[in-house]
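One structure follows; several queries about it will come next.
Lettered A, B and C in written order, each chain numbered from 1.
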Amino acid sequence: MRQFGTVTSVKTANKIKTMNKIDSKVRANEIIGTKQIFENPMNESFSIKLNGQTVEAFPGETVFQVADRTEVKIPSLCHDDRLAPAGACRVCLVEVAGQRRLQPGCAWVVTPDMEITTESDRIEKHRTILYNLYMADHELDDAGLPIETGNGNELRELCKTVAPMGLEPVSAPRAARPGDDNPYIQFNPELCILCARCTRYCDEVEAVNAITLSHRGAETTIETAGQRSLIDTTCELCGGCIDTCPTGALIEKKAPVNLVQLGGTEAVRSTCNFCGVGCQLDLHVQNDKVVKITSPEPGETLNDGNLCVKGRFAYDFVHHPDRITEPLIRGTDGLLHPATWQEAISATAEGLMKVRDQHGADALGFVSSSRCTGEENYLMQKLSRAAFRTNNIHQCAAT
Amino acid sequence: MFGAGAMTNAIDEIRDSEMMFVIGSNTTEAHPIIAMEMKRARQRGAKLIVADPRKIWLAEMADVHMQLKPGTDVWLLSALANVIISEGLHDQAFVDKHTKGFDAISAKVKDYTPEEAEKITGVPAEDIRTVARMYATTKHAGIYYTLGITEHTHGTDNVYCLANLVLMTGHLGVRSAGMNPLRGQNNVQGANDAGATPIYYPGYQKVTDNAAREKFESAWGVPLSPNDGLNLNVMMKEMAKGKIKAMYVMGEDIVISEPNVSQVEAGLNQCEFVVCQEIFHNETTRFADVVLPGACFAEKDGVFTNSDRRVQRVRKAVDPPGQARPDWEILCDIARACGYPMPNYSDAGEVFAEYASLTPKIAGISYLRLEQNVAGLQWPCPTPDHPGTPTLHLDGPMIGKAEFQAVDYRPSAELPDNDYPLILSTGRTLYHYNSATQTRRDPGPVAKQRGNFIEISKRDAKIYGLQHGDRVKVSSRRGEVVAEAWISPRVRFGCIWMPMHFAESRANLLTNDAGDSVTGTGEYKVCAVAIEKVTTGTAEELELAGI
Amino acid sequence: MLKPDANREQIIELLEHEGGVTEESVRKVSQQTGVPEADIWGTGKFYTLINNPGTRVRVCDGLTCQMFGADELARQIVESGKQCERVSCLGQCDLAVASLSEEMELVTYSENETNISPANDDLAINLAGEVDLSYSALAKARLMDAEAVIEELKTSGLQGRGGAGFPAHFKWTSLINQAETERYVVCNADEAEPGTFKDRETMLRQPHKMLEGLAIAAAMVGTREIYIYIRGEYVNEVAVLRAAIDEAKGRDAKGPLGDFNINVVRGHGAYICGEETALLESLEGKRGMPRLKPPFPTESGFRNKPTLIHNVETIACVPAIVHNGGQWFHDLGRTEAGSKLYCISGHINKPGVYEMPLGVTLDELVAEAGGYVGTPLAFSPGGASSGFLPISKRALPLDYKNLADAGSMMGSAGIVVINDTVDMAQAANWQLKFFERESCGQCAPCRIGTQYMRRQNENYIQLGDPATFEHTEDVAWEMEEGSICGLGMIAAKPLTSAREHFPDHFKTRS
């Protein structure tokens, strides 16, 4: 259990604009702790200097939170709004006036009149060497950059911004999990930067604690207890670890590895079709096939970047060969036979009208579906009521 | 009770809770992403109270777990009210301003003392006091419930009891509080909103209300029936009696999901005509005269409305397979073939526009606005400039004064006896969904849960001579199934639990179709069963049982 | 997420009880404590004493032991058919070469005995002095108010003896100003800096000084809760300490420490746990990874409550300060306040722990320690973290400021003298290996930087080509700028200081 009152997830005002219901002051106050959000909602803001500009800040905010409302961009690898700041990747170090050392922008809490500098020769030098160190500890492609596995590699993008030093590889002895036969989640230690976003997500958000940082120093890696397959752990296969991984060390086993290299896919925003939470999904489509499902960015929609095993992975059914692909009419032999749409629609209309004509409209029962769309439910009840004049229309409202 | 059958508060308010009272909801499995918000609140110091016969995941994280006996919810909740009122912890100002019937409820719960409740429910009286005090004195305290509350013959009574607690403590119209039923399916809320119910037109306008009927008659251009229709539970019984003679079933496997399914099967056999509109063959399509291939969510446009009344877009990403078509198009064709002049909608958006124009709660929502509001719009949203309503009842109950509902405890319809000595509850797991036609076609859920199982306590397992993984026959007065026995610390002595997902081993062959007097919802959570270790069985039989 | 009733603080000890980290032991401890299996696994794998079950001889890899033939000892043990593991400094540099037997008993291979300064009442710790069981300083402090005691501390000029040299009274003041009243006093007895064994001697010879100091601190900051975190390899010291605690608590808790809860918690093989916030993480049953600061432990320490953490030597100075006054202590020093325990080992005649005025020179210290052996070349003044200085600095006062100004540090005052028989590139390598092994792995500059440094230096030793050092200054700069904690900040020091001061040792070799 993290300490009550520490920074948890704080969304920036501009990110949640579209949610139009949580004002930024309440958000800013999140870090002070639940109680005070309500009892002291009008905390006074103050100003700080960010790269020489005067900007507004709220008590308890970090440099990141303040900067998020401005044009100032601070790079980072280990930060995720949903997680407590770790300050581990060291990418986000900034200069704080009066502090001898560089400080992590993700975790440094601002106070009135503080002066923060995010770009300087010192920071530039720091980033250059740091990124080069990461490259010395990471699988590189022919261009000498951290390789892209199809899940996006934020480290690769950062490394493009600095001059390569050509540091000799350190060949850290990190263990993989070769025997893990789970069908969804693949871990490649050669691409892992030990930012611990996956393990922290597994602990702080999904809260199942299936994976952990293990060993130490050069041998530090991500493991399960006993290096068992994720299937045999408390893992619920939510895939949030893949989603939060910045380098592609965690990838989906079932999505095409080359998704990104193929120039990206068309993503269609939709709503999950399983439980009643209403998570938003991005369906990635290739050749008229759903090949991957991801969540919108944290802070954008109500699922806050999160999905469960069903929402993220259980989409094989869409293109399953068992799908019914043609209308069927039961023949005199008692079996279902393919038919044209016209035949099937006529048969349906005749069957329903015959019962209505013989037994009255209330001998018909219409079962609509809580799995179908609102429009379809509207049309189903309209069919029952307007076309057949019966209110015998329901769906599994209770389940 | 206060005016709307939906979550009073928004899902993303949960993270700011000071207290969450979760009852009859296995949230981490049935609503994983809402559970994540609960975990987040818990991490930040919110208190978590869980009332559930099973030691579910959330119960392990809870400050108090009230492990009540199945079906004794009215006792437990009335005892909480007893403590709140007898200790003077209720919100008198709220009660005076916004409610009526407080004296009656005070009198009613007088006899429901924590000590007596302990005897009936098995929950220690001290825990009941602790929770009552905590709930009454915490401002941002929300109640979250699901089918563990409603799937009883006294489901409505359970809901009344919860509403009484909300009203007497003034937890209404407050952020991160309220009364929050978590809907089980992607669009239960939307299906109800759209009028797929026997007593309401779209937007909860009563079919028996003349003005409402006239409005829809005028819009649809035909006379409409003035009588309430049959709810699903009654419809199934009438079908078995031969009164319902034709069924049009769209996107539901009633032979798996309805209680006492052998009765449902008998009814379908008697029907003169059955049409199924589906994406996969399932248990129900076995009875169909016509099968119409529909489209899944990735293949069509529309909206889903989630648990917190949020209308969100579904967008077509790929084409339906083969000749399959979006369901809304099929429905229009059928209506026209039946002689009703359904308009020529050019797309789903036009259907929505007609639906919204007749439904004041969503009249302000349009496809255009849903493009602009990526997080959706929450009803009520009556006008195009209305921002939507995350939290209901901010100015007091919508219906004016809300009335307390005094109810008496009634035992479940079927209690254990010598022949059927165990209580069976059924439910969902994380890995599968409803009849599992979708999830059993994906490797992860299958790897985690291959076939049907029961959870049984160590003590019961010992009595029946069961080892973890043994096969058991579970039987009730209505049927029997074979499943694997999982010895689990989650269930109480004398109780077993079974998921509902497996077609070859259907939990609903066992469940009781006795329905709630108001909603008709079946008693999925309590029925009496017997179990027996299965020692023989051919390979085929085992395969059939999914073991 | 941890269950509300989970007992995380016990897991490391329970794992040890089960014989170390295995799938079975982890499952069992998870059932016992309610802590998720993965968390237990990941925590256990952090600590070398439990991460790899099985018996073996552990041979010290520390600088002094290496100078005296640890590699040869290890070779002989392997030849005798036993399992052998090389481990970081065992804190027995005066008795080099040191090892732990399969039964976890200390076995040393040295003709020396530990030397200490003779008894003298004008020394704060006075290792050879008589053991005082009166706890009269505690009684005296209890009659004073906390502000007065802290005022004496301030006058005394006592600085943290663990290495940072932070004025002790600041921490006390900060603690009593906290609103939170649940507070802790923690003693850092995780002595593991190569070359250092002064806390060992303090605990063995004057445990009551340390206990009395802790009791005074606890009484002044308003708590009864005292935790002593002692390195797991100090098997004898744990026993002595526990006996001393029993003695001071007395029968039926009627002794002078009767009303304190004193918990001795053993480390399990991780140098980084000497870093105070890593120590707190370890106390809480977690991987010993340093926390971000702020918040400092005085605001949010053990269990996220205000916590006063002091090194053994620092806290053991407190009774004498209370007894004799701050000024007395202050005047014991020469260039800075107080007397100081200096550990000295390596190429000298009488290695040991000498308590001398703060600010003595190397030559004075070595004179006390029986003189140099051979021709001195270099010395490491404050453990591996301080890097190396050339013998030309022999007249430099060994204090916090002068050593810092010389680009080194006082550190833990674990002084190792090196004569001209040693190749400084090799000496640097021993130290680099130590930091690589002991890096917690949390932040990239340290985790990757320590590997890089050791590899480059080994390349040089193998190939003799100084071009291998092309980027070492840059990487060292980044390690100092970018690391989270002090370990990473100084982990390149052995190489950079050796190259700076001994350029002849890093020329092109054929």
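Please note the rule applied: contacts are C-beta pairs under 8 Å (C-beta built on N, C-alpha and C of every residue); 3 or more make two chains touch, one makes a residue touch a chain.
What you see is a predicted model, and the numbers here were worked out from it, not measured in a lab.
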Check: When A-B is set beside B-C, which has more C-beta pairs in contact?
Finding: A-B
Checklist line | Identifier of the chain whose CA centre is least distant from the whole-structure CA centre | finding: A
Checklist line | Centroid spacing, where centroids are CA-atom means, of subunit A and subunit C in whole angstrom | finding: 43
Notebook entry, point to check: If you average the CA atoms of subunit A and of subunit B, how far apart do the two points sit, in angstrom?
Noted result: 27
Next item on the list: Indicate the whole-number Å distance between the mean C-alpha point of subunit B and the mean C-alpha point of subunit C.
Entry: 60
Next item on the list: Can you tell me which residues of subunit B touch two or more of the remaining chains?
Entry: 39, 42-43, 61
Margin query: Residues of subunit A that contact two or more other chains, please.
Written below: 1, 204, 207
Next item on the list: Would you pick out the residues of subunit C that each touch at least 2 other chains?
Entry: 1, 4
Margin query: Can you tell me which positions in subunit A touch subunit C when the two form their complex?
Written below: 1, 3, 85-90, 93, 101-102, 104, 107, 109, 122, 125-126, 129-130, 133-134, 136-137, 165, 167-168, 170, 172, 193-194, 196, 199, 202-204, 207-220, 223-226, 228, 233-234
Notebook entry, point to check: Hey, which residues of subunit B end up touching subunit C in the complex?
Noted result: 39, 42-43, 60-63
Margin query: List the residues on subunit C that touch subunit B in their complex, please.
Written below: 1, 3-4
Checklist line | Sites on subunit C touched by subunit A in the complex | finding: 1-2, 4, 22-23, 26-27, 30, 36-43, 45-46, 51, 270, 272, 287, 292, 294, 300, 304, 436-445, 447-452, 455-456, 459, 471, 474-475, 477-478, 481-484
